[in-house]
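What follows is chain A paired twice: with chain B in the first complex and chain C in the second.
Here is the complex of A and B:
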């Protein structure tokens, strides 16, 4: 710590801080336009000028000057105020000063400082800027006439997002922010630039002319898309969520969001939301009353084991726990699951046998504390963009080594020093086994590993997985596999990350055990910056596992429930929020199964493809309309409160299950808080938690690890002559099938596509946007072609989110599907 | 750099042989801070920096395309559209100005039918006004590529144009 004097106050600050940070830490405000606490100091705006006695009263920028012992700083002398006033005059010289029609008004740093410094006249005259406004994309408007050239947008796009869409172009008075060759903005539209813009140069178009900043009610919440657990501030007016607001102090991610979090909120107030319960009468869904609908549901639930349930892991912990309780105690069925079963098997089977727990023994915060990251599949960026930002920052700012094992290249491969091994699809487990074998052979095993149960067996069983043998089947070089294993073992702290989800069938229990083996063999778990982070797909996927909402004790898992529906063993199927018709493997089979069920009940926000087949449809609530808790992928339990009132005809799933329990003769808990009290008493790691104790940041549920070494089975994928290997996955702009109802994501990525390598495209005479018929043994589907440089030859990729042309018509749940293409 | 310039480069983009750019990139690929030498080397080969080549450099050097454009527009030495075979530069610095440089400039404009920083449609001439060529003793001064012409007069403008109009383009 360093002692210094700021405006006659004796203060202390960390040695590494700047004058600006030291002042902020001690409650002294220095005005600034170009600073954000996530970005490196830049010193562009000259608003933070201060005087330092030791520097002979020169005016120096507080944001770039480090503190020194005994420094005497004055932040508001008459000279300083005069200088700042002039800076503002110069900034306003070319600025259009069109505050009445600017959406930033009220939240604009330039406007606020102009007011604070009473700049009511300008001594200078000059022409205003005449830059063309970029209206070319539906999400971000760029008006460079209002720009003060603080560079925050260009810096956040480089330092955190690592996309680099914006930069300073030209020089001198001509300088402006723009894209290459004056192009229109065409990026991943995370809106980070919008969030940090201190003026109205970068605006969220969906929010334009919707409300003045000061008329918005701000409510904290937790994002309802992926498992990262980002915190949100919703801007609300007239009971509508109109925007997401930026708060640089919110959450571990400091307000940083991805395109889904920032622009995907419109589904909450979508006019496609269900407004009343519906019953199928004479073959058509017709509106009914809650009483009638719930009575019919309750009657059909009295079927014991012939009743099954599927729930989306977007429900709260309270709802999932109550749903389970209803199924077990009131219905008398063990048949319930989420995410088709296989999508959570990495946690519920893999980690359970390898780590003795069904949660990841690592947190997102470990990324920055690690020395080396091993990422399985570049898709980790697309599935969890904010975790991707953490990886970007770690690699760029902390020189963390990044190794990637993937079946295609991706954005992460472009990070400085990133080493990507592109292998044949489906050979991950074999490669990870070969890495374990290489670690054993090269005697890089940690001393603690020998005493772990299963060690001797694993050593024996790994004999077949020599890097040379695996190299042949995976398309890698044996030396590369050995080097990858060597660098992982050599790193003092190393973290393995891999995404799971319904699109990643290969990321199952076997893969989880394979990565767990590496961590256990090298002793890289249960330590800061080490471990394995299994990135769960949905916002409460980890919670659904923690609540035990999956097949156990002989109950049927998701896929078996579908089979049982088709076979007639399941007569009533209650689906809460899942959309199996689109997101489960094998469209034809699921459709037949759902059609065969006597009573199909769907509770959802929208009339999804699945809900359209139902006999009873119940309108449910979004995360913004209910109370409860979500557990993020690294087991941070966070509390949400209703941000808006739900519409009169909707009930939260909690209310639906409560009403049904009453009808079935049980006693439901009084409210979500009461249910949470039950959860905290019964769930390992949740002990002692209450809504009060969770606070605004949430609380980590501790993960206790009991390691065991298990040989994971690796299935060999045989490529067929003349076929391409199709891998499916998530695309950056979407999460599950819910984001189809968010306008933002649909503006950027409205439909499915088939990504294909340049060489394959050339061979098959396919160019960008060509409609291509993709055929597998299960069926065929028409997709638009997208020719990219990231796909290896012989491999094609398709995202799975879309109801129009669903990819599950050609995909039956295999990690790799052989397909042929026809134009 | 105006919108018009960017549009123009896009419109008249001819077929470009990227292997020439590759040979320049290969020379510098492992050197830190290689962007400037690569851009300079590429400009020497093509005479300007075509957009396709800028995008190719971005991909090969793993630099954002926007960042390359930032560098290209910051330095006056880089050109984004094709340049003439003969670059005529007339000094308009103080000494040359006093000695009548404005008339020399006007004469070039009239005879070549192109303005400042413009290129004749046949890609023979590019004309530029420059601040100082560092030979004030020879004012008013003009240069064509590397040849210097001191004590410029209106007659000498004619001579220079007819001389260079007859030279071969290849």
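Here is the complex of A and C:
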């Protein structure tokens, strides 16, 4: 710590801080336009000029000057105020001052400072800018006439998002922020640049002219898309969520969001939302009353084990716990599951046998503390973009080494120093086993590993997985596998990350055990910056596992429930929020199964493809309309409160389950808080938690690890002559099937596609946007071709989110599907 | 005091007013002359055949009676305009703050004071009714 004097106040600040940070830390405000606490100091705007006595009273920028012991700083002498006024005059000289039509007005740093410093007139005269405004994309409007050249957009795009879409172009008075070749903005549309822009140069188009900043009610919430658990501030007017607002102090991610979190909120107030319960009468869904609908549901739920339930892990912990309680105690069925049953098996089977717990023994915060990251599949960026930003920052700012094992290249592969090993799809487990074998052979094993149960068996069983043998089947070089294993073992702190989800059938219990083995053999777990982070797909996937909402004690798992529906063993199927028709493997089978059940009950926000087949449809509530808790992928339990009032005809799933429990003769808990009290008493790691103690930041549920070494089975993928390997996955703009109802994501990525390598495209005479018929043994589907350089030859990729051309018509749950293409 | 004196004094005032110009008007046959700064019904100013209003929302923000409803729209040139501009005249207190707040001189108050009507919905003046008449 350093002692210094700011405006006659004795203050202390960390040695590494700048004058600006020291002042902010001690509650002294220095005006600034070009600073954001996530970005490196830049010194562009010259508003933060201060005088330092030791520097002979010269005016120096506070944001780039480090503090020194005994420094005497003055932040508001008449000279400084005069200088700042002039800075503002010069900034306003070319600024159009079109505040009445600028959406930033009210939240504009330049406007606020002009008001604060009473800059009423301008001594200078000059022409205004006449830059062309970029309206070329549907999400971000770029009006460079208003720009003050603080460079925050360019810096956040480079330093955190690592996309580099924006930069300074030209020099002197001509300087402006632009894209390559002064072209239109075409990026991944995370909107980070919009969030940090101090003026109205970069604006969110979905919110354009919708409301003024000052008329918005700001409500804090937690994002309802992926499992990262990002915090949101929703901007609400007239009970409608109109935008997401930026708060640089919010959450571990400091307000940083991805395209889904920032632009995907429209589903909350979509006019496609269900407005009343519906019953199937004479083959058609007709509107009904809650009383009638719930009575019919309750009657059909009295069937014991012939009743099954599927829930989406987007429900709150309270709802999942209550749903489970209803199924077990009031219905008397053990058949309930989420995420198709296999998408959580990495946690519920893999980690349970390898780590003795169904949660990841690492947190997102460990990324920055690590020395080496091993990422399985570049898709980790697409599934969890904000975790991707953390990786970007770690690699760029902290020189963390990044090794990637993937079946295709991706954005993470472009990071400086990133080493990507592109293997044949489906050979991850074998490669990880070969890495373990290599670690054993090279005597890099940690001393603690020998005493872990299963060590001797593992050593014996790994004999078959020599790097050379695995290299041959995985398309890698043995030396590369050895080197990857060596660098992982040699790093003092290393973290393994891998995404799971319905699209990643190969990321199962076997893969989880394979990565766990590496961590256990090298002793890289249960320590800061070490461990394995299994990135759960949806916002409460980890919570659903913690609540035990999956097949246990002989209950049927998700896929077996579908089979049992088709076979007639399940007569009533209650689906809360899932859309199995699109997101579960094998479209034809799921369709037949859903058609075969006697009573299909769907509670959802929208009339999804699945809901359209239902006998009873119940309109449920989105995350913005209910109270509860979500558990993020690193087991941070966060409390959400209703941000808007729900519409009169909708009921939250909590209310639906409560009403059904009452009808089935049970007593439901009084409110979500009472249910959470039950949860905290019964769930390991949740002890002592209450809504009050969770606060605004949430609380981590501790993870207790008891390691064991298990040999994971690796299935060999046999390539067929003349066919391509199809891998499916998530695309950056979407999460599950919900984001189809968010306008932002649909503007950027409205439909499914087939990504194909240049060489394959050339061979098959396919060019971009060509419709291609993809055929597998399960069926065929027509997708648009997208020719990219990231795909290896012989491998094609398709995202699974879209109902219009569902990829599950050709995919039946295998990690790799052999397909043929026809134009 | 003589009890008759106050009566005479009163009658004196009455008689004096018989020869003065009356303060009342024979409305509606006689019309009042409204002052230039009279605050009557609002009008939206027009320039180049378009309402000057840019839908900045300052008038609904400043309005103490919350009687102004503005909804902005985006026209073909991506410019902002008032797609909806309504004043609920039953709530309006004719304070003139909206005129004062307007940064583009888009609204003024006219001498129009005959605002009686038959149904409540007729008191909500839409943009069409507010646009200045040529």
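What we mean here is this: the second predicted complex is superposed on the first by the 823 of 823 C-alpha atoms of A that agree within 3 Å, B and C clash if a C-alpha of one lies under 4 Å from a C-alpha of the other, contacts with A are read in each partner's own complex, and residues count from 1 in each chain.
Quick note on the criterion: a residue touches a chain if its C-beta (ideal position, glycine included) is under 8 Å from a C-beta of that chain, and two chains touch if they have at least 3 such contacts.
Here the structure is a predicted model, which means the values were calculated and not measured.
Contacts of A:66 after superposition: neither chain B nor chain C is touched. When the two structures are aligned on the shared chain, A:132 is found in touch with chain B, with no touch to chain C.
In the superposition on chain A, A:101 contacts chain C only, with no contact to chain B. The larger set of touched chain A residues comes from B, when the choice is between chain B and chain C. Of the two partner chains, chain B is the only one that A:179 touches; chain C does not reach it. Once the two complexes are overlaid on the shared chain, A:642 sits clear of chain B and of chain C alike.
Looking at the shared chain after the overlay, A:356 reaches neither chain B nor chain C. Residues common to the contacts of chain A with chain B and with chain C across the two structures: none. Every residue of chain A that touches chain C in the complex is listed here, in rising order: 99-101, 105, 133, 135, 141, 208-212, 214-215. Contact residues on chain A toward chain B in their complex (touch as defined above): 132, 154, 158, 163-171, 174, 178-182, 414, 416, 789.
Listing the residues of chain C that touch chain A in their complex gives 54-58, 61, 72-74, 78-80, 103-104. Contact residues on chain B toward chain A in their complex (touch as defined above): 1, 3, 6, 9-10, 51, 54-55, 58-59, 62, 64-70, 73-74, 80.
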